[in-house]
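After this come two complexes, each holding chain A, first together with chain B and then together with chain C.
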Partner chain A sequence: MNYLAELLASGLAVGAVYGLIAMSFAIIYKSTGLLNFAQGEMGMIIAYVAWSISTSVDGNPFIVALGSIGFAVLFALAVERIVIRPMMSEPILSQIMVTIGLSVIFRSAIILIWDGLPHNMAIASGNQLVDLGGVRVRAAQIAVLVALFAAIAGMWAFFRYSRFGVAMRAVASDDATAQLMGVSSGKVQMAAWAAAAVLSGVAGVLFAIAYELSPSLYALGLKAFPATILGGLDAVIGSAVGGLIIGVTENLVGGYISSGLKEVAGFVIIILILMVRPYGLFGEKRIERL
Partner chain B sequence: MRSGYYKETIVEHINLTDSTLQRAWIGIGLLLVIAAPFHFEFYGLSLITLMMITAIGAMGLNVLTGWTGLISLGQTAFMVLGAYAYAISTESWGWPPLLGFVLAGIVPAIASVIVGVPSLRLTGLYLAITTLASAFIVNHLVLEFDGLTNGSSGIFVNRPVIFGYAFDTDAKFYYLTAGFGILTILACLNLRRSRIGRALIAIRDNDNAARVMGIDLRAYKLYAFVASSFIVGISGALYGIFLSFVTVDGFPFLLAIEALAILIVGGMGSIAGAILGAVFLVGLPEVTSFVFSWMGSSAQSLLSTSAHEIKGLLYGLIIILFLRLQPHGLMGLWQDARRTWTLWPLKY
Partner chain C sequence: MNYVKGLAAAALLALPAGMATADQGVTDTEILLGEVEPLTGPPGLLGVAHNLGVRLALAEVNAKGGIGGRQLRLIAEDDGYVTSRTIQSLRKLIGVDKVFALTSLSGSGQALASMPIIKQSGIPAMVPIGPLPPLYEPPSDNIFVVGQSYTEGMHQLALYLAKEYPGAKWGIILQDDDYGKSLGEGIEQAREEADINVVFETEYARGQKDFASEMLRVKDAGVEVLIAGGIISENIAMVKEAEKLGITPVIATFWPGRVPEVLKAIGPASDGIYGVDYVAPIQSEAGQAFLELARKYLTEDEVARVNRYTMTGYSSTRALIEAMKGCADDLTWACTIEKLETNPPIDTGVMDPIGFGPDNRFSNSGVTIMRADYETLSFAPVGE
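What follows is the complex of A and B.
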């Protein structure tokens, strides 16, 4: 029983990380129709920047949070403006390949700028153990769950009530009409990239605190694909739920079946989902198909 | 002044070439391929061999991505399967290498049907994701069936002996690879001008229109998957022999990106483009190391410590710059140059 509870707890924590990154995928896909293969790498770069800030200010959590969020926004806006914006009218293969090219560059740049070794990231009391009725978890693992729920609530309110959120939904449902109504799709795209970078940055930093900071952090992006496919590529909140489901499934498979299968469980789920229900659990039924 | 070449019959149109000049160039090219081992030593020769193996793989991917317009991020899976099919059949079971090569084509082809059938309904982005997922699953399966594949420790592969003739030196293996390369070029050229090739292009250009013309999308997309992974599997087997060692780690995910980068650099959908792109991307690290060594010792030590990262950085930059500035690749550049040459001083 305790074993199961531990698996569930760590599954929910890692699932929340996947969920945050999956939300970033979905936000960008929803507002621009582009899947950013470099999202995990962006989260990783933000985590490294946060680590650099934290070592120079002795881990003051407020400065680290402000600095890394500021960096995330600027970084995403720069990437969007310089690399992505000129490619938006190109065919889908070019768009995919540009983001893949970015991901390869980021992955190499991390090792060239920082190094290839794992680091311990200590901010506030993030890696202290907390006892929850017999199950011991790290504070950062709780924090990432809290962050996920905050992000879900924030996104829901944003899309529902804010003027900008409504504009984003309008661009998502019909680009041309939204532009005729006076919505600037360029601004919507900038906002989507910034929001996605902040979410995946939060995921990267909290993952680094709970486990470790290493150049293999980008794999979180790959692991978040199943989550966003399961939830629906255009369903922001659905993707978050998908993340939790994938995280728990992975841990249960790893705990009860085999640890090798744990690594690919998500990818098996992708193929099953795409065969049965390609638009995901919560997505809209308008996928390209023949 | 001549305004262009005109072809009046179907036969003229599907002939591989009708110009004596082109035949002469092909002859010169063949002579150069035959003469290469007499000029180049170990390192240069192994580099050219690697270029040829890469070009074979790129031509395979070109059938799927360049002609049919189906994006695959999972080519490494078929390379891995081809390499293992060859290694297991020849090294563990002692089958003749020729049969091993056939198996290296057939096993990935069967696997591609398994990957292809569920992916048939998907296009674009979704296909890219399923093929990516299947690449990871194949790697996992190879590691899991360690009784057959030796798990993560891999299998040693000897140079093949075909009909009593041992391809044991670098030069002989080079000729074997060149033979496979020429066969692949011929196969691709002939596939391209057959009914199947035209159908694949039609699917890429407009799938609904192709369907109205009576092209069975499912069947032809499966043809593309099978033909592509057959060729990619052969290149995987050759790569395994080249490394003389087959492991999952020998086929990193970067290889699938490299293959797509080759098509982008060379020019989508062109066989000559795939070959040019392969030469360009395989030669790129060599050029870089030359430039770095010219820049001084500190740059050289950076290159020796982080060669893999610099390679990745270059691939990424090349992909983005080509897509941004020259989306038709090197073949597009060549065509522009040729047009300017014929039409000068007029613009068009």
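What follows is the complex of A and C.
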């Protein structure tokens, strides 16, 4: 029983990391129709900035959080304004290629600005072990789950009750009509990019605290993207659930069947679910009127 | 694999005609050398350190007047550990830059894929990173491999652990590629010679970051000796998971991760981890003398990046330079290859002396079993 509980706990923790990044993919897609393939790399750069800040302020969690969130917002706004927005009228394939190009540049930037070495990210008590009824987890793993549920609640309230959230949904639904109604699609895009960067940054930082900070951190984005597909590309909260499903499935398969099947297990589930629900578990079925 | 072979074949066909000029890269004032290695991405940890070693060897000889009055210059190409980029870079170095010799062909897989180009061109090439048997068995005239095979290193490590921990339950976690296969072969060889009771064995996909389920199975199986067959990040994740689960098996890792940064990233749980290597620890007398030399020719930032790959890069390049020195009056590929073959072994102090022979293109370095000391962030030979 404890074995199962430990597998579930680890699966939920890593699934929460996937979930936060998956939400980032979905927020940008929902608001702009664009898939940002540099999302994992953006999370990695924010984690490195957080590490740089933490080493200069002796790991003070408040300064690290404020500094990292501030950087994430500015970084995302700069990318959106300088690189993405001028491309928005171009074919979608070109836009996607730009994000792939950005991902390569961001990966190289890590070596140019920092280094290729693994680092221990010591922020507050993030690395401390906590015993939850016989199941040992790191504090950062609890924090990432809390962050995911906070993000889910925040996003639900934002899209349902805030004027800006409703505006974002309007832009996602029909960009042209929303603009005629006075909604600024530019502002919506900026907000989406900033929110996505903060979420993926939180995921990157907490993963680095629990495990290690290294230039391979971007690979989390590759694991999170299938979670977005599973939850539904336009379903922000559904993507979070998709991340948890993939994290738990991977761990159960690795724990009970074989490590070799661990990496493919999530994709098998995606194929099965997409065969039944092509728009993902929580995605909206779009009706094309002719 | 077919894709890699296809790339290599295509690259071979595309080599410029007349490329194999024996004395290319040599002018009255300069000798041009080239190398390919990962300088970006996670494998940059080894590529950057190797590059420093080669530059150190060049700076040392240049400070003493070069070879026959010619200064040595290096062109380093970054392949990001991607084989297709290795092939492109080699074509550029040999055909466009026209370097005289090569000081690295990147990692083991990249070097294997490069062999047709290197053999056809005839350019002297040193292979100090990832020495795999197919690179030197059968020997190729112009390819010189330095170090020790992963298989033999793991063979020795497993034999040592079997003797030290008789009757222990073993767990083995390996990467599902050539690297993991080589380590697996080393363990198999040891199992034929010693009593090794493996109770858990698994492979993981390259790039995996979460090892929670693997380590839970290690715990469940009651493993007492664990072979953590990852490269760098994977081993960090495995040891941290063991710490999280509250288990304390004897953990053994392999030389790609034998760098201080790995111990620092793991934290106190890294204390006592076993390692194996054919290169002297940086804290040893030879390692300290090497650091002293590095401080003479490299910047402070660069010295901070020195690790075992700097030592192998330096030693291998020194062997090449000594051969070239012997041909200073008639610097040709044929002469350099002959000198590499016949020169007495070159001793740099940080690994076994490097030497080759008429039918031997592998300078075989003996391995040392080591243990990590977290307090000093270093590895020391066992028994010291």
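Operating definition for what follows: the second predicted complex is superposed on the first by the 275 of 290 C-alpha atoms of A that agree within 3 Å, B and C clash if a C-alpha of one lies under 4 Å from a C-alpha of the other, contacts with A are read in each partner's own complex, and residues count from 1 in each chain.
Here, a residue touches a chain if its C-beta (ideal position, glycine included) is under 8 Å from a C-beta of that chain, and two chains touch if they have at least 3 such contacts.
This one's a predicted model, so the numbers in the text were calculated from it and none came from an experiment.
Enquirer: Determine, under the contact definition given at the top, whether A:108 touches first (chain B), second (chain C), both, or neither.
Expert: In the superposition, A:108 touches chain B and chain C alike.
Enquirer: After lining up the shared chain so the two structures overlap, which partner does A:154 touch, if you call chain B first and chain C second: first, second, both or neither?
Expert: Neither partner.
Enquirer: Which partner does A:255 reach: the first (chain B), the second (chain C), both, or neither?
Expert: The second partner, chain C, only.
Enquirer: Tell me which partner A:94 touches in the superposition: chain B (first), chain C (second), both or neither.
Expert: So A:94 only meets chain B here.
Enquirer: Just chain B (first), just chain C (second), both, or neither: which does A:211 touch?
Expert: Second partner only, chain C.
Enquirer: Would you check which partner chain A:263 touches, where first means chain B only, second means chain C only, and both and neither mean what they say?
Expert: both
Enquirer: A:275 in the overlay: touching chain B, chain C, both, or neither? Say first, second, both or neither.
Expert: first
Enquirer: Overlap the chain B and chain C contact sets on chain A and report the shared residues.
Expert: Dual-contact residues (chain A): 107-108, 111, 258, 260, 263.
Enquirer: For the complex, which residues does chain B have touching chain A?
Expert: 65, 69, 71, 73, 118-126, 128-130, 132-134, 136-137, 140, 143-144, 207, 211, 217, 254, 257, 260-261, 264, 268, 306, 308-313, 315-320, 323-324, 327
Enquirer: Considering the complex alone, what residue numbers of chain A touch chain C?
Expert: 3, 6-7, 10-11, 13-14, 107-108, 111, 115-120, 127, 129, 136-138, 207, 210-216, 219-220, 223, 247, 250-255, 258-260, 262-263
Enquirer: Could you pull out which chain C residues touch chain A in their complex?
Expert: Result: residues 39-45, 47-48, 173, 176, 202-205, 207-210, 212-214, 216-217, 220, 232-233, 236-237, 240, 243-246, 259, 261-262, 264-267, 305 of chain C touch chain A.
Enquirer: Touching chain B in the complex: which residues of chain A?
Expert: Touching chain B from chain A are residues 35, 83, 86-87, 90, 92-94, 96-98, 100-105, 107-109, 111-112, 222, 225-226, 229, 233, 258, 260-261, 263-264, 267-268, 270-271, 274-275, 278, 287-290.
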